[in-house]
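The structure appears below as structure tokens.
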Amino acid sequence: MTSTTPLLATEDVTVSYSGKEALHATSLSFERGSVTALIGPSGCGKSTFLRSLNLMNREIPGCRIGGSILYHGKDVNTRGVDTYQLRKQIGMVFQQPNPFRKSIRENIAFAPKRHGLSGKANIDALVEESLRAAALWDEVKDKLDQSAYALSGGQQQRLCIARTLAMHPDVVLMDEPCSALDPIATYSIEETIRDMAKRGICVVIVTHNMEQAARVSDKTAFFLLGDMVEFGPTPELFSRPKDKRLDDYLTGRFG
Amino acid sequence: MASEESRDGGISDVTKRLRAEDHVATGVLTAIVVAILVALVAVIGYILVSGAGKAFDLHFLTSKPESFKAGGGIGPELFNSFYLLVLTLLISLPISLGAAIFLTQYAPEGPVTNIAKTAIETLSSLPSIVVGLFGMLIFVLGAGWGFSIISGALALTMFNIPILVRVIQQALEAVPRDQRDAALALGLTRWEATVHVLVPAAMPAIVTGVILSAGRVFGEAAALIYTAGQSAPALDFTNLNLASPSCPWNIFRPAETLAVHIWKINSEGVVPDLAAVSAGTAAVLMICILLFNVLARIAGRAIERRLTAE
Amino acid sequence: MNKELDEREEVAQAASSAHGGGRQPRVRSKHSIERGGLVFTGVCVGLVVILVVMLIFMVCSRGIATFVHDGISLGAFLSGTTWNPHTNGPDGQPLMGALPMICGSFAVTLLSCVISLPFALGASIFVVEVQPTFGQKVFRPMVELLTGIPSVVYGLVGLSIVVKWTSGWAGGTGYGIFSGSIVLALMILPTVTSLATDAIAAVPDSYRDGSYGLGCTRWQTILHVVLPSAMPGIVTAVIMGMTRAFGEALAVQMVIGNAAKMPTGLFTPASTLTSVLTMGMGNEAMGTVFNDVLWSLAMVLLLMSLVFILIVHLIGRKGAAKNG
């Protein structure tokens, strides 16, 4: 684990569903403390790629992930990998806010407790720390024992981020986290994303919204029809696209 | 459609006929539905009205049955019905829960699941008398437990498992997929995701389904006549000797239930007040099942409210 | 399953080596939890499968004893019209003709389906096509309630109302195939209705819109568009009803009169496989010829139920092939 190894990298990762390849060989690397956006029209394989980084695709019957996924320089796309440990460290936030049907406190504390955290003081501290990190603490500190479903959509999504941060991950994968939210809630989530990066977390975010990619990300990867077409620093990629297909996409000729 | 009359603004004979046909059809359909509802109300009403006198008579509810003279009660039968129900649920619920979790979470497709699904479907379509006869072979004769509560409870378990598995399976499948994904993405196992996230979220539907199935178990007789037996020894609630036939909790004593009682006294036909006793027993049975129905809905809704609002 | 277990072993080693054991809390490791869950649920499923296989095997092996052990010919059993196992026929064999009961079972099953089908179909058309809100709010809970009424209660109602009524206008005792069929028709009505309702509700709305768009009336649409496309589901509903009617024991036994002779009419006492089983099984010691023959009846009942299930499966598969 020298400083030159990227935190997370893929080498020729492919994903196929029942033998049909949905994502062709993709090699990317993600650095500590950076935000990477995955963009492209729907069905281009960006979500599929994201969901293979924490091996969530393995839960889908008939889905196979090929190639290597190097996490701290070690290939985790092997049969013997401890997916439970891996997913603790590579967290995930989903498209629709999906808090558990439990209290706000339990939403945060449930998984850490299952992973061995005990003691009321420790748990309370973790709940506060995680909710603060997701900028939700002030809004919910007086109603921690209420159902998470009493919160608004944006608050629910921030609760889901807090729930992920409670595991102290070093990578957070986000699958269009704002697509179900209004602009104000979106803005607040984007703030949180920048915050997470500042604290050294590596964020990978799938988005269909190019303005969002431009606002939050340091690097961007463009996917089309199962291929990773272009990858580079966000400003460069948006202002001087090298690939014609990306240029067409940015100028709105399709998508 | 484009006949001369319709172009003149009048309605063609064909259209008139079609419209009349449509009205007649709707009328017939309405009559059918009314007939079914009347039949339902008539059956339930008949049972409740003809048995009401006995059903609310405390003596009838608590005293022991008589074989040859009038005035017998259904005390032991009432207790046996509930005791058998509780034991059956205690045995069938964990097995059904496990099977349903296996089918929905561990192996949603594949050969093992296909075999299991076929087996459960087969079990649900088998006549309950056949299940009872099998119970007699295995538990009454094979295990040597005789006509007993435990034999009856195990036969009822076989009868109840397919119902429960289906209920739990549907309840688990109705929980949005993203709940499970969220748990797995936090590094939890499928087992933890199921037990701590999916099952609690599915609890309203599971509770409703289990109570409704309890109604079916409560009224079942054919699976019991050759397993739990057709006799009800008098019970002594002060007797705590688990080996004694008069101890209510002894699971190796024979135990006639309400439903079996109705069948038995009618097929023997020797009790002088047969009509009154069977009407009273049927009314008690129906009241219990109606209560199960109401309870199922109330309980389901109450749990739902606790999960979402508060 | 073996492969999965191997995988879990490897996981154990990977977990301890990978990310520094220091942060590893002292809890049951994740893969042992997962393995425990898999074993527990697998045992539950295995138990159910074993019970079903055992049931079929044991009932059949006892049922076959009549022919293998007691030397009664299968032909005589299936085609004999005299059921009197305590008397020997001219050939020296006990009179074990099961045909009266087989006929009785099929007669009540078919007749009860014929009686209940128009009601079930009419009601399900009504609640899907005419009054959906009423169907959801009132009719469906009512039908569910009807499903919950115990069969002995149906038997009792049959005994105190249907039998008396039948005897009133048809003469005789009132016991017989007709009374049995009426009671069974009432019993299977909720099963057939709710399955038929599901089948009709599953017909896509676009089919109906197409028909209305051509100027067809509601009745024409139902008759020529909705019912034909719901047909496989309706047939399945009927067969599920038949399965239930064929296997019902006590309600039928209470009203059919229990005379084990070839049925000659709808209003004379008859018997079914289930009624003879219900009455006889308690009276005979295990291992006697009579007892063995009762098990053969049980086997016939079991095999018929399996045939019904098979038919439902075949229809389901055909439907899936057509849609997929």
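In this document, chain identifiers A, B and C correspond to the written order of the chains, with residue numbering beginning at 1 in each.
Please note the rule applied: a residue touches a chain if its C-beta (ideal position, glycine included) is under 8 Å from a C-beta of that chain, and two chains touch if they have at least 3 such contacts.
Fair warning: this is a prediction, and the values are worked out from it, not measured in the lab.
Enquirer: Which one chain sits nearest the middle, judging by mean Cα positions?
Expert: Taking the mean of C-alpha atoms per chain, the most central one is B.
Enquirer: Work out the mean Cα position per chain and let me know which chain is farthest from chain A.
Expert: With centres defined by C-alpha atoms, farthest from chain A sits C.
Enquirer: Per the centroid of Cα atoms for each chain, what is the distance between chain A and chain B, given in Å?
Expert: 47
Enquirer: Quick one: chain A and chain C, Cα centre-to-centre, how many Å?
Expert: Averaging C-alpha atoms per chain gives centres 50 Å apart.
Enquirer: List the centre-to-centre spacing of chain B and chain C in whole Å, with centres computed as mean CA coordinates.
Expert: Comparing mean C-alpha positions, chain C is 15 Å from chain B.
Enquirer: Can you pull out the residues of chain B that are in contact with at least two other chains?
Expert: 187-189, 192
Enquirer: Indicate the residues of chain C shared as contacts by at least two other chains.
Expert: 30-31
Enquirer: By residue number and range, which residues of chain A touch two or more other chains?
Expert: Where chain A meets two or more other chains at a single residue, that happens at 83-85, 114-115.
Enquirer: For a test of understanding, state which residues of chain B touch chain A in their complex under the given definition.
Expert: Answer in residue numbers: 108-109, 176, 178-179, 181-189, 192, 196-197, 200-201, 307-310.
Enquirer: Under the stated contact criterion, what part of chain C meets chain B in this complex?
Expert: 1, 30-31, 33-34, 36-38, 40-45, 47-49, 51-56, 58-59, 62, 118-119, 122-123, 125-127, 130, 139, 142-146, 148-157, 159-161, 186, 189, 193, 215, 217-220, 222, 240, 243, 246-250, 253-254, 274, 277-279, 281-282, 286, 295, 298, 301-302, 305-306, 308-309
Enquirer: In their shared complex, at which residues does chain A touch chain B?
Expert: Touching chain B from chain A are residues 54, 56, 59, 61, 83-88, 91-92, 94, 96, 98-102, 110-111, 114-115, 146-147, 149-150, 160, 163-164, 167.
Enquirer: Quick check: in the complex, which residue numbers of chain C touch chain A?
Expert: Counting only chain C, the residues touching chain A are 7, 10-11, 13-15, 18-19, 25-27, 30-31.
Enquirer: Contact residues on chain A for chain C in the complex?
Expert: 74, 79-85, 89, 114-117
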